[in-house]
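Both complexes below contain chain A, partnered by chain B and then by chain C.
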Partner chain A sequence: MIKFETIKKLEKLGLSQYEYEEIVKKLNRKPNELELYLFSAMWSEHCGYKHSKKYLDMLPRTKSLFSSENAGGIKIGNHVIFFKTESHNHPSAVEPYQGAATGIGGILRDILAMNARPIALLNSLKFGPIERMKLPDDINNAVSIINNDTHCDMESFSRNKYLLNGVAEGISDYGNSTGVPTIGGEVSFNECYNLSPLVNVMAAGICHKNNVKTAAAKENLYVTLIGSATGRDGLFGAAFASKELEGDSSDRLSVQIGDAYTKKKLIEATLEILQSKNVFCSQDLGAAGLLSSTSEMAAKGDVSMDLYLDKVPLREENMQPYEVMLSESQERMVFGANKAGVDEIVKICKKYELNAAIIGKTGKGNTYNLYHNDILLASVPVKALCKPVLYDLNPKKPEYIDVLKKKKLFLDTKINTPQNIKYLIFKITAAPAFASKKYIYSQYDSTVCARTLKNPHFIGVSPLYIREEDTTIGFSMDSNEDLCLLNPYTGAFNIIFESYRNAVSSGFEPLGITNCLNFANPEKPDVAYQFTETIKGIKDALCTLNLPVVSGNVSFYNEGVKKTDIHTDDVKIKINPTPVIGMLSILKTKNPIYTRSLSDETIFVIGKQINKNSCTGASLYQRLFFNFLGGKPDIIDFELEMKLKSAIFDLNIKGEISGAIDVSKGGIIGALLIMLFNSFNFNDNKNSEQLGFSCCLPCDIDILFGEITGRYLISAKNADKVEQYLIGSQIPYEKLGKTNNTGNLNLGFVKINLAELREIYENSLERKA
Partner chain B sequence: MNLASISYPQTGLKAAIAVFLGTNCEKETRMALEMAGFNVEYIFHTETNLEKFDLVVLPGGFSFGDYIKAGRLAKLSPVIESLREYVKLNKGFVLGICNGFQILCETRLLPGVLIENTKTKFISEDCALFFNNKEITIPIAHKEGCFWADEDTIKQIEKNDMVILRYKNNPNGSINNIAGLYDSKHHVIGMMPHPERAVLSQCGLADGKKIFEFLKTELLNFKKSCPTKNLSKKRVE
Partner chain C sequence: MKFSATINIKLKKQIKDAKGEAVSAVLSRIGLEDKAKVRIGKIFELEVNAENEDAAKTKLNKIIFDVLMNPIVETYEITTFEVIN
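Moving on, here comes the complex of A and B:
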């Protein structure tokens, strides 16, 4: 029988009674208070993945290296490219600047722990809307179903702007100072993120294949802690990320504070330390700080560890042992080294003006002992600590899925007037979800390291030149929260292909992915369903494409409480299931496909052709213009996707295409606009102000803006050759039209000044944020 | 092919790259200098002997976290003390890029100050510039890059032909579109743009090479005219 006080304490620590009993079983006794804290942190979702581990293990990992380490990688020549994503959603919701900054800090340390030099950062940012889309009555009246269930008001718009600017500034100040370029990513806006914004950061690093270091310790090593002194910041951060936010300002105490200057010194010091043959293992201090880093080191190496808490450099007085163990103070790393290694570490740290302290020793056995002034405070089997109770989820298909599937967007045919379409083209161009993210990306240093090939807001993958191997690799981050709400399985499946097309459109062959899975509370059956279906979708897509997952991160409990008036219950707002896919690809053709100057070229739509019966569920325009989400998502045609890839690669090798883009957000109009705007950015195109395009498209919203899979736009000087090739390869295509120097976008039924439209596209976000 | 294994034409010129805590552009700066034919060594901010170098480079980054103001703390380091002597005694050239330019202004080796961009945000973009009357494109990446000086100083700068680089579409609010400066002797050069990030054709932009080539030529001329630095002894044939 568990005492009432214990039950109260367990509740506070986020442990269930069942878990408590398991702990007692493993220890063969009741844990003392400190031990209970240790288990609570290690068995939290954030550290232990207790609700997700069983499912994550289903994902394919062949061809990936070190996928059970801090970060996994893929071999390219004699080097390993490590990459991983991490979420910093909860901290960013309460303190956007520090939350985003420490998110970068954390993921960089994961890469660093492998002895890889960080070479790139990307991020996927999701916020609530920053404006309400207002349409004239005659367009609104044309819609028979309008979902009016919105949670937006002026207050939330300004809060979302505050979050957006805070996060961007945090990434800018911190990321730039570390000397790692931020080369791309995505930013989107959706009502489901009003109370729970998402900040997912991806980092990549490079290491020679013979120099990789792992976390596994061996016997008789000195555990050496370097970097910042330990304080109370970020205490219970792991537990904090494993619950729903209460919107209480006390949450702010759990946010860690970053220090970019110390991080930069830590990067250089760590890479210098790990060159030593006397240093055997390394770990970064992230979630659950000293506890998780050192216990995993011991567990992976199958050794025991004694830690002396009085040896840890502290920056605050009277810190309790559990505080020292669980503090998430930033900018710290821990190494296992022999005596000579320790001397080297101390010397290097002196050069970089960092603390270094021997805080423990490894030995034979399997216990994890904590001492303070020679008094034993805790002693637990290290494997038990690092192996939390794993749960099966109880997925149940939520009713909304079938309801949404049956919903249809009935648009009055009267809506399809040239005037309305013109209006909507201006609207989508200015919408933050579609408009250029230049405002945000220009705040990130994208060119440091001299590896970057293009600005982050240009189209296609974000390429990096790897001079160590004389090759070019590409990264991208993709997600689609509407599609994943509509159908989590198809949504996840399609995102992988979306990433795939993104790489292909630039001439790159995908090699593997990392994922960041953002969900609400998985203990609820509907969320469990979304999660398990997403995993299946990712798994099936990867198996189809024969690609591995190399690393990943799960962020649960992304829901917030909407405070209503005192007479009604508070409403919980969950985020849509949001798997974010980070993809690594490699340049397969000689040159990447840049969409540069497009003078006197023909643009083709190749692949699936959209028609009245196409499934355009979750198209951006439907939510944006009509606040509608429903219908079916389009299904991938695998063979066609493969054919399209070889066609684009072939044509690029032959030098027949000058530009390519996958058709995604905003449908044909969206892709066409982005492609044309992109060519304005290159000053070898002196006459860009006169660039125009003329085509003949049907005056139909769904055809123009509807989103389906398996389509690209390609542009070519010699249209006949491309046409012959496409016919020969049996690829469906349509000749869209030709660029000219009229300065207008002419769709046949309407003419729009392109330069004017581009000005809106480029500057809209800056004006609205 | 590994770029490190490629040998570049040797000029016999020796360059030092000063590395402060927080410096982050030293690697690509080294690559760019080596491609232009320099022998390059890193020196730490505690180094005081600059005797053997023909060029001292202060690379980009955030020296000492750029606390207080960009470059303010770096100017107190031992290497900068020696650099003042180095300049005073005409030992060779100095190139400051981005944070290096900020340090040179803070130490008064170059006139004026670099203050926060008029937009108050970090700006990272490929930037069109005028260099020796030709247009080139080179990345910029800074938050405190707006060049400011009083009227008299600006007059002096223009009169003595001290502007090496000018922005085409002034992104940060600098007076007279000034992106880079010489000192009055044309031996100390500072610039906000990052030419070292634009030297590999594999990465698209390669206009940065023009700046390093120019620097090389000027330095060789300087050494020819300078009896204390006899080049012929060092030249690798």
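Moving on, here comes the complex of A and C:
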């Protein structure tokens, strides 16, 4: 029988009665209070992945290295490229600046713990909308279905802007100060993020294959903690992230505060320390701080560990043992070293003005003991602590999936007037979801480290030169929350291919992915369905492409309570299922292919052809213009994708194409605009200010803006040669039109000044944010 | 009526004060004071127009919370508050 007070306490700690009973079984006795705190943190979703572990294990991992460590990697020559994503959604919702900054800090430490020098940062940011789309009456009248169910109001627009600016500032201040370039990423806006914005960050690092350090400890090592002193910040962060956000003010104490300059010193000190042969293992202190880092060290190395809490340098007075163990104070690392190693660590830390303290040692056995002034406070089997009970989810297909699938956006044909289409082209160009993200990435230092080959201005993968191997690698981050809501399986599957096309259009061959899976509460059957289907989608896409997952992160409980008036119940708003895919690729052509077109060139659409019956479910224009989500998403044609890839690589190697882009957001018009806008940025492009484009396209919204899979635009000087090649390789293609020096975009039925449009594209987000 | 106020804003006690730690490290290095506890904050002197004292205080509070400080990491103290005219 569990006592009533215990039940109350368990509830507060987020442990179930079943879990409590399991703890009692593993200990053969009741845990004391401190031990209960330890289990509560280690068995939380954030540390223990108790609802997701069983499913994550289904993902393919062949060819990936160290995938069970802090960060996984892929071997390139004699080096390992480590990369991983991490979410900092909950802290960023509460305090965007510090939340985003410490997110960067956390992911950098994961890379650092492997003894890899961080070389790149990327981010995927998602917020609620910052404006309402207003369409003229003639368009409104022509649309028979308009979903007016919107949760937005002016107050949420200004809050979303505050979050956007705070997060961007946090990333730039922290990332720029640590001297790691932020080379790319994505930003999107959707109502489902109104109460739960997403901040997913990715970091990559490089390490020689012989120098990689893991977390596994061995016997008779001194546990040495370095970096900032420990305070009460971020207490219960792990438990906090595993809980739906409710209210606002009381959550504030759980936010960690970052210090980028200390982090820079920590990076350099750690890399110097890990050079030593006397230092055997390393861990970063992230979620559940000292507790999770040291217990995992012991569990992975199959050793026991004694920790002396009185030896931990503290910043605050009267800290309780559980506070010392669970604090998420930033800028700390822990190492396992022999006596000589400890001396080296102390010397190096002195140089970098960082604290260093021996706080424990490892030995034979399997217990994890905590002492304070020689009094034993807690003693638990370390394996029990690090192996939480794992749950099966109870997925049930939510009804909405079939409802949305059957919905059809019915557009009256009289909507397709040149006037309307011209209006919509301006509208999509100015929409924050489509417009240039220059306002955000211009705040980031993208070139420090001297490896960046093109700034984030250019679409496609973000290439980095790896001088250690004389090769070029690329990174990208992709997601599509509308598609994943419509069909989680196809959504996840298609995102991997979207990332794939992104790499291909820049001349890169994908090598592997990391994922950040953002969902609402998985204990609810509909969310469980979204999650399990997403995992299947990722798995099937990766198996099709023979690519591994090297690392990942799961963020559950992304839902918020919308307070309504006192007469109605509060509404819970869940985020759409949002898997974010970070991809590593390697350059296969001589030079990266740019997204551009020169004058007097022919632009081809290669791949699938769009028609009135194409599956264009979840296309951007449908949500943007008509607030509509429904229909079927397009299915990937794998063989065609492979043919398109070899065609683009071949044509590039032959020097036949000057630019390429995959057709995604905004359909043909979207890809065409981005390609033309980007062309203005090249100095070698003569008369670039006069660049224009002329083609004959059907005056039809669905055809112009509809999104299907497996299409690219390529731009070529010698159209005949390219045409011959495409016919020879049996690749479906269409000549879209020719670039010229008129400065206009001429679609046959409408003419638009490109310079004017480009100005909107470049500056719209800044004006609106 | 016009009021003048002085407001002290500093980091909450539990927040790491990097600037304070830097000053403390310098004091130790030059031998003036070893391991001194140093906290650094900022002082605002400002004037507000309002109908009466209550309205001025309400306005001041809004200025403090919305503009001058980050209530998540900082605390404030109004050290002087007086009527100018």
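The rule is short, and it goes like this: the second predicted complex is superposed on the first by the 765 of 769 C-alpha atoms of A that agree within 3 Å, B and C clash if a C-alpha of one lies under 4 Å from a C-alpha of the other, contacts with A are read in each partner's own complex, and residues count from 1 in each chain.
Heads up, the rule we're going with is that contacts are C-beta pairs under 8 Å (C-beta built on N, C-alpha and C of every residue); 3 or more make two chains touch, one makes a residue touch a chain.
A quick note: this is a predicted structure, and the numbers were derived from the prediction, not measured.
Peer 1: After the chain A overlay, clash or fit between chain B and chain C?
Peer 2: When both complexes are placed onto chain A, chain B and chain C end up side by side without any clash.
Peer 1: Is A:Asn176 in contact with chain B, with chain C, with both, or with neither (first, second, both, neither)?
Peer 2: first
Peer 1: So in the superposed three-chain picture, is A:Thr452 touching just chain B, just chain C, both, or none of them (first/second/both/neither)?
Peer 2: Only chain B; A:Thr452 stays clear of chain C.
Peer 1: Regarding the shared-chain residue A:Arg61, is it in contact with chain B (first), chain C (second), both, or neither?
Peer 2: Neither partner.
Peer 1: From the CA centre of chain A, what is the angle out to the CA centres of chain B and chain C, nearest 10°?
Peer 2: Seen from the centre of chain A, the opening angle is 60 degrees.
Peer 1: After superposition on the shared chain, which partner residues are touched by A:Tyr261: those of chain B (first), chain C (second), both, or neither?
Peer 2: Once the two structures are laid over each other on A, A:Tyr261 reaches both partners.
Peer 1: Considering only touches as defined above, state whether A:Glu316 meets chain B (first), chain C (second), both or neither.
Peer 2: In the superposition, A:Glu316 touches chain C alone.
Peer 1: Under the stated touch criterion, which partner chain does A:Gly231 make contact with: chain B (first), chain C (second), both, or neither?
Peer 2: second
Peer 1: For A:Glu353 in the superposed arrangement: first (chain B), second (chain C), both or neither?
Peer 2: Both partners.
Peer 1: When the two structures are laid over each other on chain A, which of chain B and chain C touches more residues of chain A?
Peer 2: Here the partner covering more residues of chain A is B.
Peer 1: Pick out the closest CA atoms of chain B and chain C after fitting on chain A and give their distance in Å.
Peer 2: When the complexes share the chain A frame, the smallest chain B-chain C C-alpha distance is 7 Å.
Peer 1: Common interface residues of chain A with chain B and chain C?
Peer 2: Shared contact residues on chain A (touching chain B in one complex, chain C in the other): 259, 261, 353.
Peer 1: What residues of chain A sit close enough to touch chain B in their complex?
Peer 2: 169, 172-173, 176-179, 259-261, 264-265, 351-353, 441-455, 465, 467-470, 472, 594, 683
Peer 1: What residues on chain B touch chain A, complex-wise?
Peer 2: 1-4, 21-22, 24-25, 27-28, 31-32, 44, 60-62, 64-67, 121-126, 128, 137, 139, 141, 143, 194, 196-200, 202-204
Peer 1: Going by the contact rule set out above, which residues of chain A touch chain C in the complex?
Peer 2: 94-95, 97-98, 228-229, 231-233, 252, 255, 257, 259, 261-262, 315-316, 329-330, 353
Peer 1: Tell me, which parts of chain C touch chain A in their complex?
Peer 2: 13-16, 18, 25, 70-73
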